[in-house]
Each structure stands twice: as structure tokens, then as C-alpha cells.
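Heads up, there are several structures right after this.
There are two complexes below, and they share subunit A, which is joined by subunit B in the first and by subunit C in the second.
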Partner chain A sequence: MSHAAMMALMAISPLILVCLTVIVVMLSIAWKRNHTLNAIVTAVGLNVALLALLFGWSLGPVDVTSVLVVDDLSRFGAVLVLMSTLACVTLAHHYLEGYEGPRDEFYLLLLSAAAGGLVLVSARHMTTLFFGIELLSMPLFGMLAYTFRDRGALESGIKYMVLSAAATAFLLFGMALLYAVTGTLDFAELGEALSVSGNDPWLLAGAGMLLVGLAFKLSIVPFHLWTPDVYQGGPGPATTFLATASKVAVFLVLLRLFQSTLAFHENWWHDLLAVIAVITMLVGNLLALTQNDLKRLLGYSSIAHFGYLLVALVVNEGLAVETVGVYLVTYVLTTLGAFGVVTLVSSPYVATGGTADASPLHHYRGLFWRRPYLTAVMTVSMLSLAGIPFTAGFIGKFYIIAVGVEAHRWWLVGSVVVGSAIGLYYYLRVMVTLFLHEPGMQRRDARHDWAERAGGMVVLGVATLIILLGLYPTPMIDWVSWVAGS
Partner chain B sequence: MQIAFYLSGLVAILATLRVVTGTHPVHALLYLIVSLIAVAMVFFALGAPFAGALEIIVYAGAIMVLFVFVVMMLNLGESAVEQERAWLQPKAWVGPAVLTAVLLIVMIVTLVSGDYSGTISGETLTAKMVGISLFGPYLVIVELAAMLLLAALVAASHLGRSDAHDEADLARDRQRELSEQAQASARPARETPIDASQDTRSTQEGKA
Partner chain C sequence: MTLVWLILIPFIGGLLCWQAERFGDRAPRWIALGTMLLELVMVLGLWVSSDFSLPAQGATNAWTLEWQADWIPRFGIQVHLAIDGLSLLMIALTGLLGAMAVVCSWKEIVRRVGFFHLNLLWILGGVVGVFLAIDLFLFFLFWEMMLVPMYFLIALWGHSGSQGSSRIGAATKFFIYTQASGLLMLIAILGLVFAHHAATGDYTFAYADLLNTPLSETTAWWLMLGFFVAFAVKLPVVPLHGWLPDAHAQAPTAGSVDLAGILLKTAAYGMLRFALPLFPEASQAFAPVAMTLGLIGIFYGAILACGQRDLKRLIAYTSISHMGFVLIGIYAGTELALQGVVALMVAHAFSAAGLFILSGQLYERLHTRDMRQMGGLWGRIRGLPGFALVFVAASLGLPGTANFVGEFMVMFGAFGVAPWVVVIASAGLILAAVYSLFIMQRVYYGPPAEETPLAGLDRRETVLLFGIVALVVFFGIYPQPLLDTSAGAMQVVQHSVQQAGAMMGGSQ
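For the complex of A and B:
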């Protein structure tokens, strides 16, 4: 085997290992349906992939055939994807213990989706972008509708599938238009063609459709309509994955597109994007105000957060990549904390026929008096989502505002500030609910031993990290700026 | 070859139109076969006979025959036809029809304006060339497609699981638990009541 092929194999070994774990878990299911065993095999596979990723970091940027590139940015994304998948595995093990049907398929789907995320973060060709997105979404249909006897889960799975198929159609049509004009699907070559003949209407239509397809996955206004319903109905671990790994992978591929292909030289593109960012921030935050359902609220808040992240893409110079990196790290940690608590309170799964998870806000009323530590985790996550100092969320928001100020985008900075102010109201409302007096009858509660389980430990660890990174963010910033700089 | 391309393209569009407007599922599927064959013709006209042959073998041949069989087995009667007819009120299709008419106008304008710089030409793509590009630069894509199919299969097999299957699985699990209990009862009698109480509790939780 040639040296280059060996390098390429080593560079994509995390992807190969995750795919291999899928096969091993499948064989293990065929041999014996043992929930704990399969969860452990999945976690081991993901950890080995993570180790392979860290050891492969010294290889530097490696081209794997002409469709994938493994560089620092893609390794950074892969770390986030694998970490959040691991957290989902631990949460899913606790959650699915109450599920009567087959439980092990969930891990197969989770691993496949993680493989899709790994492909997406190293995509540098339209074919890998498409297959990555499909490999990420296809298992998610199954995961969201996993507890399909609940109408909520089934509804969320079907909604995501139908709307996602429509978005994929846009994506493919956009790619076809770009290919028809330029005759290439490579990001860099497309970027050259766009910079030469940037105002060709077919190229613009293709780029626009591509953006629509990706904006759907990131639930950017006006393509956000699916988000609250899917977040509310889906089983806890599946929603956690959707909110963390899936969004991170799609956003990183969008960032790569903006670095190479869609590096528009016309100002009106940036203005258009800025308008979309402002609308996304405001709509997400305003709609979250009236929610009485925690999972819907988190869905709207994720819309707003991706509005903030768009600021970095609009600016797309200077600190932009670093900002995206820092913000994604803090967003993933915070979302894992918030959804982790929701999943733990909903664990183990209880079939209700409607929405199985503890998503209405009144289920959390007085949680502090029953589960003080869990409430502490939730409080920290909410503070971090709101961007209060001494939490990781503050560092992320600080970077967003810094990058906006640096580029003199005052409208964007203003909307970030207004959005955060609105956000503070509903995040604090959730916190107040947690500390209110307990109602007479309690509906949902975490198990007594939640903190001794893997899922509980992960959630506690995440909360600790949120505070640590809020107090001492230097290691994270050094890491991200090193990734962005190289 | 141009005339063949446009003619078969037109046939594909008309046939697909009949697929959508047909009220009888089997008739609609027959039109879909015509449409797929027309698309295969388009491939031939573009100089890609291998893709055209695959289109016929895989889509028109295998998948469509499967569809026709399944639809015939489902045995949809008059009620389904009535329902489809009820759905096809003008208010349901006028909007989409106008939108597609716009697309049609776009195409006609392009044709009338006489800008034929993008003519159809080029070398013939053989099976060998398709294979070389599939297993050369796009090797990763082939493997990813396999993973995608696997994931779709797992999702479909889980979601498509019928209740009868579940019941059978659960019954088998219960039987195994019972036999394990029987084995446990052969051990010292002190352990048995604990096991039994745990078992009943777990089944009760499951029912709740």
C-alpha cells in the first residue's frame, strides 16, 4: 500500500471505526438482544474512534480521495460530534430501559447518524455533502419516531422526514444547477467559477437553493417551522442528538462552503444574510416567550442561537472562524446540559400514547425541592443559554458581539443584544419554575439513582465544564484559535 | 439526437402528469413505468447508455413490477378511486398547475430566444468508465451509500414492525424469563421470592 493511501486511511479511521461499530452492534443484536451490552459496545466504539481522531491530529491536513478532506476544522467538528453522540448513548441507555419494544436498534441508528456527521464535517465536494446530510438525517427519522406508539414521537418523525425530504430536493436542485453551469462539484472549483461569473442567474439560483436546503437543517427563519414540533415530540436522546451533533455538523459544512464556494464578493449577499440573521434571532426569541413547554422553548431558543451564529458567517473575516468554533463548543455543552436534564427527568421512558417526555413546564415546578443537583445543572444550562457571565455561554456571546463590532455591523450587534435581553426573560422564567413551591401532586421525576448512572454523570460533568469554561476559558480559546489559525 | 432528447423528455413529463392525475393506482403505476422508460431514453440521447440501461433494469424492471404487485395485493377498491377523485378538485391543483406553467414558460422562452450554445454532445459513457469513476475517485461515496442503505433499512425495519411481531417477541422473552425463574427455583428457596417479586414489579411498570 502506498504511503498516501496509508495516510488517508489513518486520517479517516474515526469514520471507519464508527461504521465498524455499527456492524459489530448489528452482529451483537443478531447474537443476543442485550441492551446494556449493546450500549457498552457502542460507547467503546465511539471512544476508540475519538482516540483514533486525537492520535491522527498530528498528521496535518490529509486529502482522502477527492471528496473528503481531514484538516483541523474537520477534526474539531468530529470531536464535537463524537462527544455529543457519546452523551446521547449514555442518556439513551437510561431512557430506553422503560421501553418495551426492541431497544438496541436505537444505537445502530445513533452510530449511523454519527458517521454521517463525521462525513459532513470533512466534506469538500457536493457528493459528500449530500451523502453526509442524508446519512445524518435518515437515521434521525427512525430515532425521532423510535417510540412510535406515542403520537408525539410519530408526528415528530413524520414531520421531520417529509420536510427534510423537501429540503433535500432543494439541495439537490441547487447542486444540479451549479453543476450544469460550472461542470464541477468540488467546493474550491465551484468557488472559482462563482468568483469569475458571480452574477450568472443560474449560479445564483443554485447557490440560493443550496442555502435553503442547509438553512432548513439549521432551522433558520423562514425554514424553522418544523423545529418546535419535532423537538417536542421526539424522544429525549434523539432530540438531544438533533440539537447538538446534527446542527454542529451541518453548520461546519456551511462554514466550509462559505470559506470556499460561497465566498461572495457582492455586498448584497452579505446584506441579505444579515437580514436573515436578524429575523432568525428576533423570531426565535419572540416565539419562545409564550411557550409553556420546555422542549418547544429549547427548540425556539436553538433557532435564536443559530441566528447569533449567522453573524459570524455574515462577517466571514477576521475572528469569524474562531467565533464559530467557540460558540459551537459552548452551544453544544449548554444544550447537552439542558436536554440531558429533560431526558433524565423523562427517564425511564413511560408509554403514554401522547407525548412521552416530561416536556410541559409544569412538570418541572418545584424540581429544586426534590432534585437539587439536577436543578443546579438545569439552572447552569439556562444561565449559559442566556449568556450570563461566569458561564460558557457568555464567552460565546462575547465573541459574537466582538466579531460584529469589529466589522461595524451595528444592526447585527443591536439584534444580538435585543435578542439576548428577550431571551433572559424566558430563560429566567424556566428557572423560577424550578424553584417554585411544589404542587400537591408530582407528575414526573428523575429516578433516585440518576446521579450514579452514566447519563447523570455526563450531565453533571457537562454542567461543571460550563462553569469551568466560563471562569477559565483560556484552554478552549487557545484550542479553537489554533484550529482556526492553521 | 436532439429531437430524441426533447421528444422523450416530453413523453416523460406527460406520463408523469398522468401518474399524478390518475385515480386508479395500477394505471398510475403503468404510466410511471412509461415515464421511467422515457427518462432512460433521455439518458441514451445524452450519450450515457449504461445509465439508461440501469434505469430500465432497476426502476422500470424490478422496482415497478414490485410496486404493481404490492398495489394489486392491497386490492384497493372503488372507495379508493372515489377518494382520489374527491381530492382532485380544481382548488387542489390550480395553484401547483400555475406554478408549473411558469416553469414551462421559462423553458419555452429559453427555447424561443434561440440561445442554443449548450448543445447536447460529448463522448459515450460506457459501463467501464462508470465503474472506474465509481471505484476510483468516488469509492468513499459508494461505501457511504451502503451505510445509508443500512441505516434506512434499520429505521424501516424498526418502524415497520407490526404489533403481532412485538407480541411474539415479548411472549418469547416472557417464556425465557419463566424458564429462568424455574431454574432459579431449583436453587435455594430463599432467593426465589425476591426474584418473583422483582419480575412482577417490572411487568407492572411496563404496563403502566
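For the complex of A and C:
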């Protein structure tokens, strides 16, 4: 085997390991249906993949065939995807204990989706982009509708599937148009073609459709309509994965597109994107205001957060890549914290026929007086989502505002401020609900031993990390700026 | 390290209080009181042991103590703390009022005592951080961070409003107002940092470095506005004051004491420390607007105070009126006026805290703050009305109280710069007398609603009130220690204002 092939194999080994784990888990299920065993095998596989990823870091950028590239950015993305998948595994184990149907297949789906995420962050060709997105989405349909006897979960799965299919159609059509005009599907070559004949209407239409497809996955307004329903209905661990790993992977591929291909040289592209960013932040925040359902609220809040993230893409120079990196790290941590608590409170699964999870806000009323540490996690997550100092979320918001100020994009910065001010209202509402005490309310509780379980420990660790990174963000900033700089 | 400990002590004390709740209700109270007294003793020790009469050389700050450590080297952000006369006075005030807040909620707060004191102490820790930080990033962090425990304080232990407005609504309003305006300040800070980066190629958030950033006139103007709006919301300046009456009306007594006594002062401190020295020319140009806003505040606050039925809302509006004087003093920029501002801030902290504590005590006895249900209390409560008279007198600026010294110095100092503003402002003093007499008349005189006597002051309350009265009178008669301490810091501010004035005069 040649040296280059060896290097490529080593660079791509995390993906290979995750795929191997899929097969191992499948065989293990065939051998014996042992829920805990399968969860452990999954977690071990993910950890080995993570180790391989860290050891592979010293290799530097490696081209794995002409369609995949493993560089610092893709490794960064892979770390986030694997970490969030790990958190989902631990949460899922706790959650599924109460599920009476087959439990083990959930891990198969989860691992496959993670593999899709890994492909996506390394994609530098339209084929891998498409392959990654589909591999990421297909298992998600199954995960979202996993507890299919509940109407909410089934609805959420089907909704996501149907709308995803529409988005895929856009994506494919866009690619086809791009190919028809330029004759290539490679990001870098497409970029050259765009800079030469940027105003060709077919080319623009193709790029536009491509963006629509990706915007759907990121639930950017006006392609956000699926988000609240899917978030609300899906089982906790599946929604957690959707909100973290899936979005991170898609956003990173979008970033890569912007860096190499669609570095649209026309100003109006940027202005259009800026308008979309503003609308996304405002709509996400405004629609979240009146929600009485925590998971829906988090869905709308994620829309707003991707609106903030778009600011970095609009600017696309200076601190932009670093901003995306820092913001994604803080976003993933915070979202894991928030959804982790929701999942823990909803664990173990209890069939209700409707929406199984503890998602109505009044379930959380007075949680502090029953589960103080769990509430502390939720409070920290809410503060971090709102971007309050001494939480990781503030560092993310600081970067977003900094990148906007640096590029003198005052309208964008202004909208971030307005969006945050609106956002505060509902984050505070959630927070204060946790502390109110009204006896006689309908309650839902985490189990007494939640903190001793893997899921509980993960959630506590996440909250600690949010605080630590808020107090001393230097390690994270150094890491991300190194990733962005190289 | 002393400075770091000054910040850490309240935070650690807060955590201890929270955990001490398992040993009963009394433990958190004593721990909180001990924490605040320790803080106070440390500051007073610092006060006694250092020399603040340092003549300020030029426009550079002469810090008495400084402490720094690298924090986020990527942007040149440091944990940089420093203390001078102004910050020392403010921290001493924080310690004192913090202890009072603990004492005055001794009987008022009966539920979740540990968590209450955690929030109370964390507010104070944040405030101390604001007064000590001279790295702009760190300053902003503390500025925003102290809102969270304040939010909880109002939302969880507040009273339901007299007109059915909810305490959670009030807390949310307070939070959104201050947080949103704080983000404007963050934008201004970042604008300043990037301007400095463009000029020198270095990222830095250090106060001393940013002081000399070359800025174009329009940039400086916008950045100054960013800072001003953030401080104006907190002070509050009139069009941005909407959160204050609600927050005060719903907050528990300790919350009101902190809010009026210390939190409002962080805004004035911010103007003195950051807004004026960082943008002297722009501030100079903005001064007429600011003074006009101050005037509007004086009259608006006083007139609305006259029409209130809720005792705490009334006191809240008088705060707006008093802060109008502070604003005029700050933007007058003469040394006398600036010194007056310091004296007035200290005096107002005492008188407002006294009035809020009294209204809290009335509430404990009458279970209402509606003044229509009061009246004739002079004969029904032993001791309390007498103290009320003293604080009301202080609030209207009667000679012999510290408030008189402050207001007088502000007006005297501002007269040379803006005579008409002073003339109009002094008419506001008459309104002050009107609302002060309203308080006395409606609450303590007139026909009593009932004849049954109410519980008199117990020892805790008496000692607390006597302490405040003593301070009000002491600084009214002998304000020199205050003025000596802050002289150096105020000279620096005055110097930068003067320089800007000279430059603008030269360019015209």
C-alpha cells in the first residue's frame, strides 16, 4: 500500500470506525438484544473514533480521494459531531429504558447519522455533500419517529421526511444546474467558474437552489416551518441530535462552500444573505415569545441562533471562520445542556399517545425545589442561550457582535441586539418558571438517581463546561483560532 | 490580591449562604452579614492605610492598588483591577448598604432564605466588580452579570403590585432594558477596540490604552452615545427610565435598597470613569443635551412623585429626580460639580436606602404600601415616624444633611458653565419640598385610619436606622473625608473635560 493511501486511510479512520461500529452493533443485536450492552458498544465505538481523530490531527490536511478532504476544519467539525453523538447515546440509553418496543436499533440509526455528519464536514465535492446530507437525514427520519405509537413522534418523523425530500429535490436540481453550466461538481472549480461567469442566470439559479436545500436543514427563515413541530414531537435524544450534530455538520459544509465556491463576488448576494439573517433572527425570536412548550421554544430559539451565525457568513472575512467555530462550540454545548435536561426529565420514556416528552413548560414549574442541580443545569443553559456573561454563550455572542462591528455591518449588529433583547424575554420566562412554586401543578420529574447515570453526568459535565468556558475561554479560543488560521 | 478578594468574598459568601440553609434560617443571615461586614472592614482598612490625596499628574490615573493577569490573550483581554478614591468610596458604600440590606430583610424574607442571600451577595459581588474593573471587557461582564441575581431577587421574592402588575413582569422589564442597552455598550466597546486595532495593530481592552485612541469626530460621537445609553438606562435618565418604578415597586426591601443605593450609582460611576474620559470631545459637545435631559429628569421625577399612591413608587420617582442633579453635575465637568456628584451619590444612597427600609417596615406592619390606607401613623408607631422625618428632610436637601452638601456643590459648580440650567434646576428643589411634605402628610399626619397601635421599632430596626441617620448627619456636617478621598479621581476627569474644552475652543 502506498504511503499516500496509508495517510488517507488514517485520516479517514474516524469515519471508518464509526461505520464499523454500525456493523458491530448490528451483529450484536442479531446475537443478543441487550440494551445496555449495545449502548456501551456504541459509546466505545464513538470514543475510539474520537481517539483516532485526535491522533490523526498531526497528519495535517489530507486529501482523501478527490471528493473528501480531512483538514483542521473538518476535524473540528468531526469532534463536535462525535461529541454530540456521544451525549445523545448516553441520553438515549436512559430514555429508551422505558420504551417497550425494540430499543437497540436506535443506536444503529444514531451511528449512521453520525457517519453522515462525518462525511459532510469533510465534503469538498457535490457528490459527497449530497451523500453526507442524505446519510445524515435518512436515519433521522427513523429516529424522530422511533416511538411511533405516539402521535407526536410519528407526525414529527413524517413531517421531517416529506419536507426533507422537498429540500433534497432543490439541492439536486441546484447541483444539476451548476453542472450543466460549468461541467464540474468540485467546490473549488465551481468557485472559479462562478468568479468568471458569476452573472449567468442558470448558475445563479443553481447556487440559489443549493442554498435553499441547505437553508432548509438549518431551518433558516423562510424554510423553517418544520422546525417547531419536529422539535416538539420527536423523542428527546433524537431532537438533541437534530439540534446539535446535524446542524453543525450542515453549517460547516455551508461554510466550506462559502470559503471555496460560492464566494459570491457580487454585493447583492451579501445583501440578500444579510436580509435573510436579519429576518431569521427576528422571526425566530418573535415566534418563540408566545410558546408554552419548551421544546417548541427551543426550536424557535435555534432558528434565531442560526440567524446570528449567518452574520459571520455574510461578513466572510477577518474573524468570520473563528466566529463560526466558537459559536458552534458554544451553541452545541448549550443546546446539549438544555435538551439534556428535557430528555432527563422525560426519562424513562412513558407512552402517552400524544407527545411523550415533558415538553409543556408547566411541567417544569418549581423544578428547582425538587431537583436543584438539574435546574442549575437548565438555568445555566438558558443564560448561555441568552448570551449572559460568565457563560459560554456570551463568548459566542461577543464574537458575533465583534465580527459585525469589524466589518461595519451596523444593521446586522443592530438586529443581533434587538434579537437578543426579544430573546431574553422567553429565556427568562423559562428560567423563572423553574423557580416558581405552585403546589398542585401537574409535575414531571427526573428520576432520583438521574445524576448517577451516564446521561446525568454528561449533562452536569456540559453545564460545568459552559461555566468554565465562560470564565476562561482562552483554551477554546486558541483551539478555534488555530483551526481557522491554518 | 486584596482587590481580587474584594470581588471573591461576596461570591464565596453567597455560596456558603446557599449551602448553610440546611442548618436553619438563621445561618444564612449571619453568614451574609458577616460577609458584608468583612468586605466593609477590608475597604475601610484600605481607606485608612492608603493615601488618596495624590496629586493627579496630567490626565493619567493614579491607582492606589492595581492587579492584573492575562485572561484572553487573543484579544488582549486582561483581568485588570484597580482602585482609586472614587472606586473605594463606591465599594465602601456597597459593603455598607449590603450589610443594611441583609439586616433589613431579616424578618421580611422567610422563604428560601439561603437562595435569597446567594442572590443578594452575588449582586454585590458584581457591583464591586464593576467598580474595580478597568479592562473594558471585564467591566462589561460584571455590568451584565449583576442583572441575573437582581432579576431573581425581584421575580422570586418581590411583592405583587398594587395595580395587579406582576413582579415577574417588572423583573423582566428591568432585565431587558438593561441588557439591551448593555449590548449597545458592548458594540461601542468593540467599536473602540477595533478603532484602536486599526490605528496600532494591537487588540486591547485596557482602559489606559484605549484612552488615547485616535477617533474621527463622528465615530467618537456614536461610540460615546453607545456608552451613554447604557449608563442612562441604569441611572436612569428620563426617556429610558421605564423599568425603574416597576422594579422598585415590586422588589423586596433589600432589592430596593441595593437598586437605589448602589446599582444606580454604577451608572454614574460608569459615566465618570468611562464615558467622559474616553470621549472627552464628544461628551463636551453632548453636554448641553445631557444637562437638558437632567433637567427633564428632575422635574419629571418630582412631578410624578407627587401623584403616586404607592409609597415605594413615590420614592422611586424621587430617585429619578435626584439622579437628574447627578447628571447635570457630571456633564458640567468642573471640579466642584464633580466632587458634588460624589457627595450627592453617597448622600442619596443613604437617604433613599433609609426611605426604602422605612417603607419596608411599614409594609411589614400594615401589609400595604398604598398611601391612601395610611395616615395618622405618627401616633400609632413608636419611633418610626421620627426617622422618616429625618430621611424626608435629607431627601429634600435640608442643610445639615449630606444631600444638601451634594446638591449645593453640584449647583455651585455648574453655575459657571451653565447658569440657566442651574437656575431652572433650583426650581426643582421646590418640587422636592412638595413631594417630601406629601410623604409626611399622607403617611404620618392626618386622620388615622385606625386607632390600634402598631408594633414599635425593635432593636435591630432602631440600630439600623440610627446608623443611617448618623451617617447622613455626619457627612452633612463634615463631608471633607469624602471630598478628600475622591479629589484625585475627580481631578483626572475634570482635566480631560478641560482639555477637550480647550481643544474645541481652539478649533473654532
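Definition applied: the second predicted complex is superposed on the first by the 483 of 486 C-alpha atoms of A that agree within 3 Å, B and C clash if a C-alpha of one lies under 4 Å from a C-alpha of the other, contacts with A are read in each partner's own complex, and residues count from 1 in each chain.
Here, contacts are C-beta pairs under 8 Å (C-beta built on N, C-alpha and C of every residue); 3 or more make two chains touch, one makes a residue touch a chain.
These numbers were taken from a predicted model, which means no experiment stands behind them.
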Quick one: classify A:Pro222 as touching subunit B (first), subunit C (second), both or neither. neither
Once the structures are superposed on A, label A:Gly183 by its partner contacts, choosing first (subunit B), second (subunit C), both or neither. neither
In the overlay, answer first, second, both or neither for which of subunit B and subunit C A:Leu109 touches. first
Where does A:Gly60 make contact in the superposed view: on subunit B (first), on subunit C (second), on both, or on neither? neither
Per the contact definition in the header, classify A:Val350: touching subunit B only (first), subunit C only (second), both, or neither. first
Determine, for the superposed model, which of the two partners subunit B and subunit C contacts more residues of subunit A. B
May I ask you to decide whether A:Ala402 touches subunit B, subunit C, both, or neither, giving the answer as first, second, both or neither? second
Figure out whether A:Gly142 sits in contact with subunit B (first) or subunit C (second), or with both, or with neither. first
In the overlay, answer first, second, both or neither for which of subunit B and subunit C A:Val22 touches. first
Check subunit A for residues that touch subunit B in one structure and subunit C in the other, and list them. none
Which residues of subunit C touch subunit A in the complex? 71-74, 140-142, 144-145, 147-148, 151-152, 155-156, 168, 171-172, 175-176, 179-180, 183-184, 186-187, 190-191, 194
Which residues of subunit A touch subunit B once you look at their complex with the stated criterion? 12, 19, 22, 26, 64-68, 98, 100-102, 105, 108-109, 112-113, 115-116, 119, 127-128, 131-132, 134-135, 138-139, 141-143, 145-146, 148, 157, 350
Touching subunit C in the complex, subunit A uses residues 383, 388-390, 394, 398, 401-402, 405-406, 413, 416-418, 420-421, 424-425, 428-429, 432, 435-436, 472-474, 477-478, 481
Using the touch rule from the top, collect the residues of subunit B that touch subunit A in their complex. 137-141, 143-145, 147-148, 150-152, 154-159, 161, 166, 169-170, 205-206, 208
